[in-house]
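What follows is a set of structures to go through.
Two complexes come next, and they have one chain in common, chain A, joined by chain B in the first and chain C in the second.
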Partner chain A sequence: MLEAILVLAGLAIVFGLLLGFAAIRFKVEGDPVVDQIDAILPQTQCGQCTYAGCRPYAEAIANGEADINQCPPGGEQVILELADLLDREPKPLSEEHGVEKETKTVVVIDEEVCIGCTLCIQACPVDAILGAAKQMHTVIAEECTGCDLCIPPCPVDCIHIVPVEETLETWTWPYPADESQDESDQEPVEGANHA
Partner chain B sequence: MKEYALILVSTILVNNFVLVKFLGLCPFMGVSRKLETATGMALATTFVLTLSSVLSYLVSSYLLVPFGLEYLDIIAFILVIAGVVQLTEMIVHKVSPLLYQVLGIFLPLITTNCAVLGVALLNIQKENTFIESFLYGFGASIGFSLVLILFAAMRERINVADVPAPFKGAAIALITAGLMSMAFMGFSGLVQG
Partner chain C sequence: MRKLTSFHGGLKLNGHKKMSLQEPIITADIPDELIQPLHQHIGEAASPIVEVGEHVKTGQIIAHAEGFVSAPVHAASSGTVTAIEHRSIAHPSSIKDTCIVIQTDGKDEWTETTPHAEDYKRMDPSGLRNLIRDSGIVGLGGAGFPTFIKLNPGPKKSIDTLILNGAECEPYITCDAAIMKERPREIIDGLLIMRHALQAKVCLIGIEDNKPEAIKAMQEALTLQEKTIVEVITIPTVYPAGSEKQLIKTLTGIELGANQLPVHNGIVVHNVGTAAAVGHAILQGKPLISRIVTVTGLPIDKPCNYDVRIGTPMLSLLRQAELQSHKMERLIMGGPMMGFEVTELKSPVIKTTNCLLALTEEELPTQTQAMPCIRCGECTRVCPANLLPQQLYWHARAKDFDKLQKYNLFDCIECGCCTYVCPSHIPLVHYYRFAKTEIDAQERDRKKSDIARQRHEFNQFRAERKKQDDEERRRKKKELLKKSQQTDEKQDAIAAALARSNAKKAAAQKVNTDNKEANE
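Coming up: the complex of A and B.
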């Protein structure tokens, strides 16, 4: 019994040491800039920046192919953080990629009108729409990022944008907009925490 | 020398692990969509299978048998295989990040490729020597690679072929695999064992 435990523990220790050594020996230098940019982006995967998602956009920024002002869901906040991270001049949101929303919105499906075509399900980048063919669909409000990508494919126009009402649970102090811009030089992380 | 050659022929063609013994079907169906990924997977599996076959032989004959712990062989082999796969993953990640991304989840899943554990256990069952278990593992992985690459090449062709609608996708792939398996059964009798 004791032998069995010792033999297996010994084996596990030997392999553990071997793997620990290999982890150092074969350490992969990832591209930390891409990871950092990706962490700032809002992860809506909406594609409004013309890239396939937030990660490809982050890679494009890191390669210098894309500008930092192409993310409408992130808006000014993200542009400021990106400018700070990459040491570039902040610039206003590029108009051809969309406008920043004043308030957070989600979409709702008018279930009376929905014909169950599943087109909006295919368009949704975050799988927030629930439904099956010829069954009415519905939007999971907590998952919806408000990217509105599901609206153009809908053949019967049954998807509507509604603002998210502020409740006691979701209310927060408004961000001091001008201050954060000044502070961002010294404390870049500050804004990221609030976001 | 002759029996070594026989082991190779036997494991590659006659007792092919995928098509005759039906082990390792998950990566066989999972990563055979594209020839490129299939080749990468074949290389990674060859490395893991050969190394784990040899290592599990060593573990078995120098640790388990002297202490009379043969009943622990499965758990010990799983430990060995998991370690080797982890090592392979690190090396692939370092050497070829593209292949690492393409293989994705299937790389760590070599751990659960039953052909790998199957080879280790069959080595014990057949009472293979060190060189025999090396050749057995190597032959098994070459056989695995052979059918995986052949199958991937066929699936690429089938993708553009005019397949009747009900048979599209996985259905025709399974039929192809069945036909391949029958073809490989034709090798039986070439070598005994």
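Coming up: the complex of A and C.
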């Protein structure tokens, strides 16, 4: 009787210590779900979701304050991925937040017209605009996320949206179209092949 | 006799090779206008170093390599640069790309060359590689990977076997067969240079048994001494025996795993045409300005192999081969299995153009309506990469890219065997190509958004820092103000204390005098 109590008490102490150690050793900093959501979001930082950027939106989704269909730049792809991650039903993009762009865009500054007011530089969330007060400004196209936040502050309307041109490096094969779609709803069956 | 291993799957195909092998190689005419794209290889596009209006000589470098994985471009004939602009190129996307356009002067005047006849043996491998790099040589088998990189075994790695790929397994194409048959010495010279650059022990030349003339010519061209290190091996004709991994398996029995490069196993594979180009570059100092192109198909009246200057418009080559354009339904660059349709006939021949195949409607009917997959498993049986094409198809169709990668989509060599045998005519390879490029695009987007995230975080951090700095400054100012007020108070206190003590003193004095007066 006493032996059993001692053994169980001993085990309890050992496992207690083990758990205590694990809690300290493997402590996870921050909220991993927010990080996972943030990794899916397109990082346009456009604020169309009504939050101040992608990270605040990710936090809002994680807290259950925001829905998963408020990101127009991410579009269907992001909604599907978020639905997959959070195990929710995918839904169409919420219209009040905007529409998905058909092609990716960046902005260019008409350097002839620019007066060098720096308002766009302050608006750019990713520091993609280069310039100084009373000097010409220009957009680093590589870094531009196409959020269009620089357009409203411009007093002379010299910022224009242009589509990103497709190059040999960025071109992708189109989805094969010429197939009868009568079976399209059928799910693939694991291991159903003849191998 | 070497023991050969067979690989999984593959197909026996009708070769259609006799057509273009009846006549010896014809030197194609130099066209009036050469269109030389800057991006003819895998890697970064070359950047032009000539200007419009400049006169260039044959073999002169007109665009230099940009970055490590890149190759320079050389003027294919002498003339004047008339434009550096976007032109149609042969690419499945039909996107236009930057090309240097040269109006030829007909003189074909060569720039100065520096041949390294036999002294290459005294050169160190890295010097040799640089020469090959500067010659603009890329893999001529079709992939176009810069050759000098594949001649670098890397530190601490030694190369056992250098394989020359003369299999040429795809139907219709005979450019390798022709060069082996007619110019075997050039190939072997190049092979020995490559061997020196790699310090390889043995060299194997793999040729399919449907090219007896090529095999004979190669064997006869080898000297007795060379035969101790170079072996010509006849391999069975099975498509795709000429694919790198499959050829290695056939010749050495080594099966390369996913993500494994031949060099990890001490093997390097080059195309026979590439070897000949390396020979030219070192022995004659001539850069890559021409290549052998098979022009064949029923609508071609003079099907043959042509020695074509890079940049020759396909149309002028087809005209020389007497194309009956009314008979041609489609023009394919490459072979019927892996090639792609060229829609713009003005596109130029580039370094990777091994074959121009004109097809009539009967030869290769345009895509028939695809039927649902009946799960017959034929595709799995023929897949030389040991993949499960059917599973890949389902997941590609559902755009389930994670699953596709789990099923090793990127090991697919796009040989087209699965599409060929599919009884439902499903364009399987098209699905895989779509998925591959889509996964690449997503990866690029992910990288870009990572950068955007970093930049945004830094932007936020800077704004935060500025706010804190401003606050700090305000706080300090306030303190300073307070301090100055405080000092006033102190001085007041001191003054007050002084006044008090003065008053006390005065009072004491007064008391004393009063006492004095009282005493008196």
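Please note the rule applied: the second predicted complex is superposed on the first by the 144 of 195 C-alpha atoms of A that agree within 3 Å, B and C clash if a C-alpha of one lies under 4 Å from a C-alpha of the other, contacts with A are read in each partner's own complex, and residues count from 1 in each chain.
Here, a contact is a pair of C-beta atoms (placed from the backbone, for glycine too) under 8 Å apart; a residue touches a chain by one contact, two chains touch by 3 or more.
No experiment lies behind these values; they were computed from the predicted model shown.
In the superposition on chain A, contact is made by A:Ala23 with chain B only, not with chain C.
When the two complexes are overlaid on their common chain A, residue A:Ile161 makes contact with neither chain B nor chain C. Of the two partner chains placed around the shared chain by superposition, chain C is the only one that A:Thr170 touches, whereas chain B remains out of contact. Once the two complexes are laid over each other on the shared chain, residue contacts for A:Ala4 go to chain B alone; chain C is not touched.
Of the two partner chains placed around the shared chain by superposition, chain B is the only one that A:Ala12 touches, whereas chain C remains out of contact. Overlap of the chain B and chain C interfaces on chain A comprises no residues.
Those residues of chain C lying in contact with chain A across their complex are 39, 91-93, 95, 97, 367, 369-373, 375-377, 380-381, 388, 390-391, 394-395, 397-399, 426-427, 430-431, 433-434, 436-438, 440-441, 444-445, 449-453, 455-460. Contact residues of chain A toward chain C in the complex are 38, 41-45, 53-55, 124-128, 143, 145, 166-168, 170-176, 178-180, 182-184, 188, 192-195.
The touching residues of chain A, when paired with chain B in their complex, are 3-4, 7-8, 10-12, 15, 18-19, 22-23, 26-28.
Those residues of chain B whose C-beta lies close enough to touch chain A in the complex are 59, 63-64, 67-69, 72, 75-76, 79-80, 82-83, 86-87, 90-91, 93-94, 97.
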